[in-house]
Amino acid sequence: MSDWIAIGALAVVGIGIPLGMMGVSALLRPSVPEQGKRTIYESGEVPTGSAHIRFNIQYYMVALLFLVFDIETVLLFPWVVIYRPALNAGVPMARLLLPMLAFVGILTVGLVWAWRNGAVEWMSSPRAMRRKTERNQP
Amino acid sequence: MVDAFAYVPAIVALPFVSFLVALAFGKYLPKGGAFGGIAATAGSFLLSLWVLATVAAGGQHVETLYTWVSTDGIAGGIGPQEIELTFGVLIDPLSALMLVIVTLIAMLVHVFSLGYMNDEGEPDLPRYYAGLGLFTASMLGFVVADNLLMAFMFFELVGLCSYLLIGFHFREPGPPSAAKKAFLVTRFGDYFFLVGVVAVFATFGTASFAGSESFPVLAEHALAGEFDAWTPFGLEAGTWFTAVGLLVLGGAIGKSAQFPLHTWLPDAMEGPTPVSALIHAATMVAAGVYLVARMYGFYVLTPTTMAIIAFVGGFTALFAATMGLVKDELKQVLAYSTISQYGYMMLALGAGGYVAAVFHLMTHAFFKALLFLGAGAVIIAMHHEENMWEMGGLKEKLPVTYWTFLAGSLALAGIFPFAGFWSKDEILYEALVHGLNEPLLLGAWAMGLLAVPVTAFYTFRMVFLTFHGEPRTDVARDPHPVRWNVKGPLTVLGVLAVVAGTVNMVPVQKVLGIEGIDLLHLWLDGHYGGFSELTSHHYAELGPYSSGYIAGGEVPTVLIGAGVSLALALGGLGLAWKLYNVAEPAEHTAALGGVKTVLYNNYYQDELQVRLAGVTAGVASAADTFDQGVIDGVVNGVSSVSLVSGDRIRRVQTGVVTHYAALLTLGVTGLILVLGVLGGWFL
Amino acid sequence: MSVQQPSTVEPLAALPAQTGAAPLPEWTALGPVLALVAAGLLLLLWDTVFPNRRTNTELSVIAAVGSLAALALSGWYLAAGTGRPATGGAITLFAEAITIDGLALFFTAIVASVTTLVVVASRDYLTDHETPGEFYSLVVLAAAGMALLASASSLATIFVALEMVSLPSYALVAYLKENRGSVEAGLKYFLVGAVSSAIFVFGISLVYAATGSLLLSDVAAAFGDLGDLAGVAGVGVVMMIAGFAFKTASVPVHFWAPEVYEGAPAPVSAFLSSASKAAGFAVAFRVFTEAFHLGGEVTAVGIDWALVFAVLAVVTMTLGNFAAAVQTEVKRMLAYSSIGHAGYALIGLAAISAGGSHNGAVMGASMAHLFVYGFMNTGAFLFIAMVERWGVGRTFEDYAGLGTVAPMASVAMTVFMFSLAGLPPFGGFFSKYFLFAGAVFNGFWWLAAVGALNSVLSLYYYSRVVKAIWIEDPTDALAAVDSRPTALYGAVIVAAVATVVVLPGFGPVIETAEAAATALFG
Amino acid sequence: MVAPEYYLLLAAAVFCIGLFGVLTRREALYFLMSVELMLNAANINFVAFSAYYGDLTGQVFSLFVIALAAAEVAIGIGIILVLYRNFGVTDVTVPRGMRW
């Protein structure tokens, strides 16, 4: 159980310190509520509009493509771990590389398809286009 | 020499081809494909006659045509041993006789339909003739089936066809619901049948009707301890066979419209009248009785089943007959009489009178087809009016119809020497001699006997109201004439209704001692040809009954039995004569209750009549109430309970996905908790 | 992640070419899966090369060729006896993560045939659609996942394959992006699917915690003696049942099914309710027989799982049939009927008794039922696809008189309905008959009885469709029936023919299925 | 060495928190996050018992689960996107056009 005492102590300290600091400062500080303190900090600018805005869908597409590579890395990881020991054990190089290459190849097909179908073309959103044309008109 | 048995599949195939032709090209053919149907059924009829002759010359035939599933060589295959599911044909005296009956009636119905459907300008004739063709083909397939599974499949097809034909006039409100009811009620029975088929396979590993490896023979051996049949829960073989027999009987009761599954049949009158004739005389309703006769070797092994068959049959015979008393419509009366007559056949089968049942099946096929076609002719003449109170006096206008209808009615009522007398008398005789040692059977006999005068009464009430007296409406005064295609079939059947009884004049033989005039007995006993395990004396040996006689011997018993039933039938006829064979039958009856100042004797008679009428009407209407209220109530109740609970169940599906997540969680949690407690996981 | 073990493999007698000169290498046993994967990638490549093609005929042909190749391969292997005990037993690949045996090949054949029908029919359903390329590749890749699911014999491969099926399915259901029904269905499918796959993988983790292995054979060995961890393993098994129930649309995870089948594009509904369901059953059959001792003498973690499945089967079929009886829309009725049929198929897991002599027969009958169901249900949904394409309407009333304007397809639909109801002349009767008979022989009378009663009820709502099509009078809406989509028609007719041809051809089907199932219990 | 029961408890706790989120959140994204919690509860088990049994399969499988979870989220967000386009909300209880 001694392990648990250490973990418990760590937890107590970890929770205690921030609580303590907040408590102490609450006791010491003067309380002057003011509207300006409640506004969102926007580098000194007066904030306009809502924080909830719609992002262009392109961000989402890029994030999704990122995910492809993300998954690729995660799934290659076990392969990397086993690569060296297997090589030392005398497994032929081709046999080791082939599964990985097949895997990356499949991913590449998907990526190329997405690319070709316009997933990474940074098209302006209709809204941005409208704003642009509005601005250009006198 | 050309072998008739090689053409047995063609008997089934010909009507099927006419079905296909009518379906595909009926629109382009004259008369909507009627001639194709007539030609096909005539061809089948001729082939059947040839088969009959071949059997008479000492032939019999069983052949497997096609094996569609064989579990040969699979480990853990279905059943106690290897099973083959096959199609095949079995021709023995019974099926050969039935083939002739079915094809004859089907042919006549096709001809009659020319008059009933074509001449009346009905629409959708190709559909009608296609249905008739398929119906006939299914029934013929059922008749020649050499195993229970094949029989079941054609049995189902027969049910399907009846659905299509009863609902022929689907644009009116009545027929579709009648068709649905017929289909559902018979299917209810069929599900028992299906389970029974499975059970037969499970028990014997085969479902063939004939041969040393057939299931009736195996059952016989199993009861003798020579064959080890599989039974569930370690039941006794006899008990289990009773259960299996009752399951299969479920199908027969549904199709043959026996109590309590008879309710579909009166409604089925919504179909075109020739279809009613076909259904009642030769095909669908006959299928149930034929099924029991076909596997009779199995039923005779289990006394309980026999007793139940007999009792259900006797009860149905009486019950349906009383309901026939109060019907106003021509076809309704005939419908109840059909139920009643099939009750007689069941009674005969249950009483060990195998030959008597087949005999009555045959004579009934002739005279009931005759009556229905006669009713059809009347309906044509009356411009599709079916209420008997609107008729009257048709005797002079429709002589052919009248005389043939009268012959059929006499046969139905069991009046000497018409066909129905001989067969009904033999049934009652068998029930009596076997029933003297079996109280239950005696009860069934008593009900059958009581039904005799009732039958005669309602039959002749029908005849008198329709044909005698003065015409009660303008239509009845000037009926529509009927043509050769109506008269022809009526004449053929009329002759048969008169003479068909002569094939089996057992009472004459017994009383006068003339040997060899009980042709049907000899026929079904394999005297000419057939399988030894499918003969009537083999059944009699297996059967549970012994014969007893009254008044000191066989001959007096025969005479007394025949005399009593004839007297009762004549009594019923006479009562009908008294009440309805007058110019204005309705007024006459009404006057009886109101007149106070009449002579003592008359008063006494009338009082009795009114009271009798009141009592029987009460019984009849009570039976009718039971019929409509309880049986239909149960059927409707079950379906509405299903629908209501279905509605409750679907309300769970709220469309809100988080509810689904919650229910899913609840379900899995519930499973974990229940199984955890059961499996002791949390200890 | 499977680096192939340096093979110390037995002689490859089990592969088809044994009769020929040189046996095929062992990896070719995965041929059907590989054919589907290759077709999927080829579809993507085709779409890459011609991204703006307006016609989808080529795509449809590629997909159909791929799935037909998979069907042919699996059929060939089945005929040659690959993976049967008689020819050297099941072939295992990738350190036993994949097993090719009769079961795998049988279900691969089901999936491949359904996929073929669906991709052919989609040619007309998706005509004038903007981006059909992704539709076809998703269908074919999902089919590859299903085939893999049928062959997976490690919990890891099972989960991966399950997700390979699920993820494309979510996208396929929501494929009609402008259609609110399709989107709603996609959302519901996704949310319920995500939750149940999380439950499923948690179940796997608990089984792993109790046994220390993900391979089914090792799990089976460890289940013999679990000690204190029996409870953990038991909860894990129940959670895995939830995962299977999701794939097969059985109680208690059936809630998604009505909405999804109703809202999804009809070919997708056909695909999910036939192929996806079959694949779910394939893996459930394998996992419970190979890992959890279903039908064995040892009862894993103190529970007779067959009884659990029996209860689920009864509830599933009753619920599905009762709810189907009160529907007003044909597609939703079929959706509920699909739940009902999941209940029938569950009998294959339920009517199993320890050491029962007919275990193989029951499970084989269930497999055969799924086979027949693959054709009749796909056909029925494709008929609905055709009606949707005509724009006739969705309710029973809208179907009135269709028989007058589209007789061929209506005959086919009649065949499907009667076969689904289990009427004798059609394939559905035989499979149901064998299923109930097997249950009876294994001592599960009551299960067969409930099944039979449900079949009676089902006849009611199936015949409503037939009645509407043939008997009721046509309405004006039928004016919309203006075209004869060839491919869709063809697929419907082929499915109908298959449903009928199963009648004489039922022998080989049931024999193959029973042999495959018996091998599992062997 | 921490006893394995505690891992089971921790995993169960995380799983239940995720499940709670699934049952109470109506916002689609929260729903997704809750599902992620449930998946990761499984990962805790895999990793912990992988170490306990000295068997690498569990750890590798947890990587697979993570990857699949990522793929699931990708699909999920796509569906939520079309949900927003069609219904104008991301509340999962709003679409209920089909029921009963």
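A, B, C and D are the chain letters, set down in written order, and residue numbers restart from 1 in every chain.
Quick note on the criterion: a contact is a pair of C-beta atoms (placed from the backbone, for glycine too) under 8 Å apart; a residue touches a chain by one contact, two chains touch by 3 or more.
Since this is a predicted model, take the numbers as computed values, not measurements.
Asker: Grab the C-alpha centre of each chain and report whichever is closest to the global C-alpha centre.
Answerer: Centre-most chain by C-alpha means: C.
Asker: Quick one: subunit A and subunit D, Cα centre-to-centre, how many Å?
Answerer: For subunit A versus subunit D, the centre distance works out to 17 Å.
Asker: Using mean C-alpha positions as chain centres, tell me how far subunit B is from subunit C in Å, no decimals.
Answerer: The separation of the two C-alpha centroids amounts to 44 Å.
Asker: Indicate the whole-number Å distance between the mean C-alpha point of subunit A and the mean C-alpha point of subunit B.
Answerer: That pair's centroid distance is 79 Å.
Asker: Could you give the separation in Å between the centres of subunit C and subunit D, each centre being the mean of its C-alpha atoms?
Answerer: So the centre of subunit C lies 26 Å away from the centre of subunit D.
Asker: If you look at subunit D, which of its residues touch at least two other chains?
Answerer: Only 19, 22, 60, 64, 71, 78, 92, 95-99 qualify.
Asker: Which subunit C residues touch at least two other chains?
Answerer: 1, 187-188, 191, 195, 199, 258-259
Asker: Got the subunit A residues that touch at least 2 other chains?
Answerer: Counting only residues that touch two or more other chains, subunit A contributes 75, 78.
Asker: So, with touch as defined above, which chain pairs make the list?
Answerer: A-C, A-D, B-C, B-D, C-D
Asker: Help me check something: in the complex, which residues belonging to subunit B touch subunit D?
Answerer: Within the complex, subunit B touches subunit D at residues 650-651, 653-658, 661-662, 665.
Asker: Show me the residue ranges of subunit C that touch subunit A in the complex, using the header's touch definition.
Answerer: Per the stated touch rule, the residues are 1-4, 6, 41, 44-45, 47-48, 51, 131, 133.
Asker: What part of subunit C is in contact with subunit D in the complex they form?
Answerer: 1, 156, 159-160, 163, 167, 170-171, 174, 177-178, 180-181, 183-188, 190-191, 194-195, 197-199, 201-202, 204-206, 208-209, 212-214, 232, 258-259, 262-263, 332
Asker: In the complex of these two chains, what residues of subunit D are touching subunit A?
Answerer: Going by the criterion above, the answer is residues 1-2, 60, 63-64, 66-67, 70-71, 73-74, 77-78, 81.
Asker: Give the list of subunit A residues in touch with subunit C in this complex.
Answerer: Counting only subunit A, the residues touching subunit C are 75, 78-79, 82, 86, 89, 91, 95-96, 99, 106, 109-110, 112-113, 116-118.
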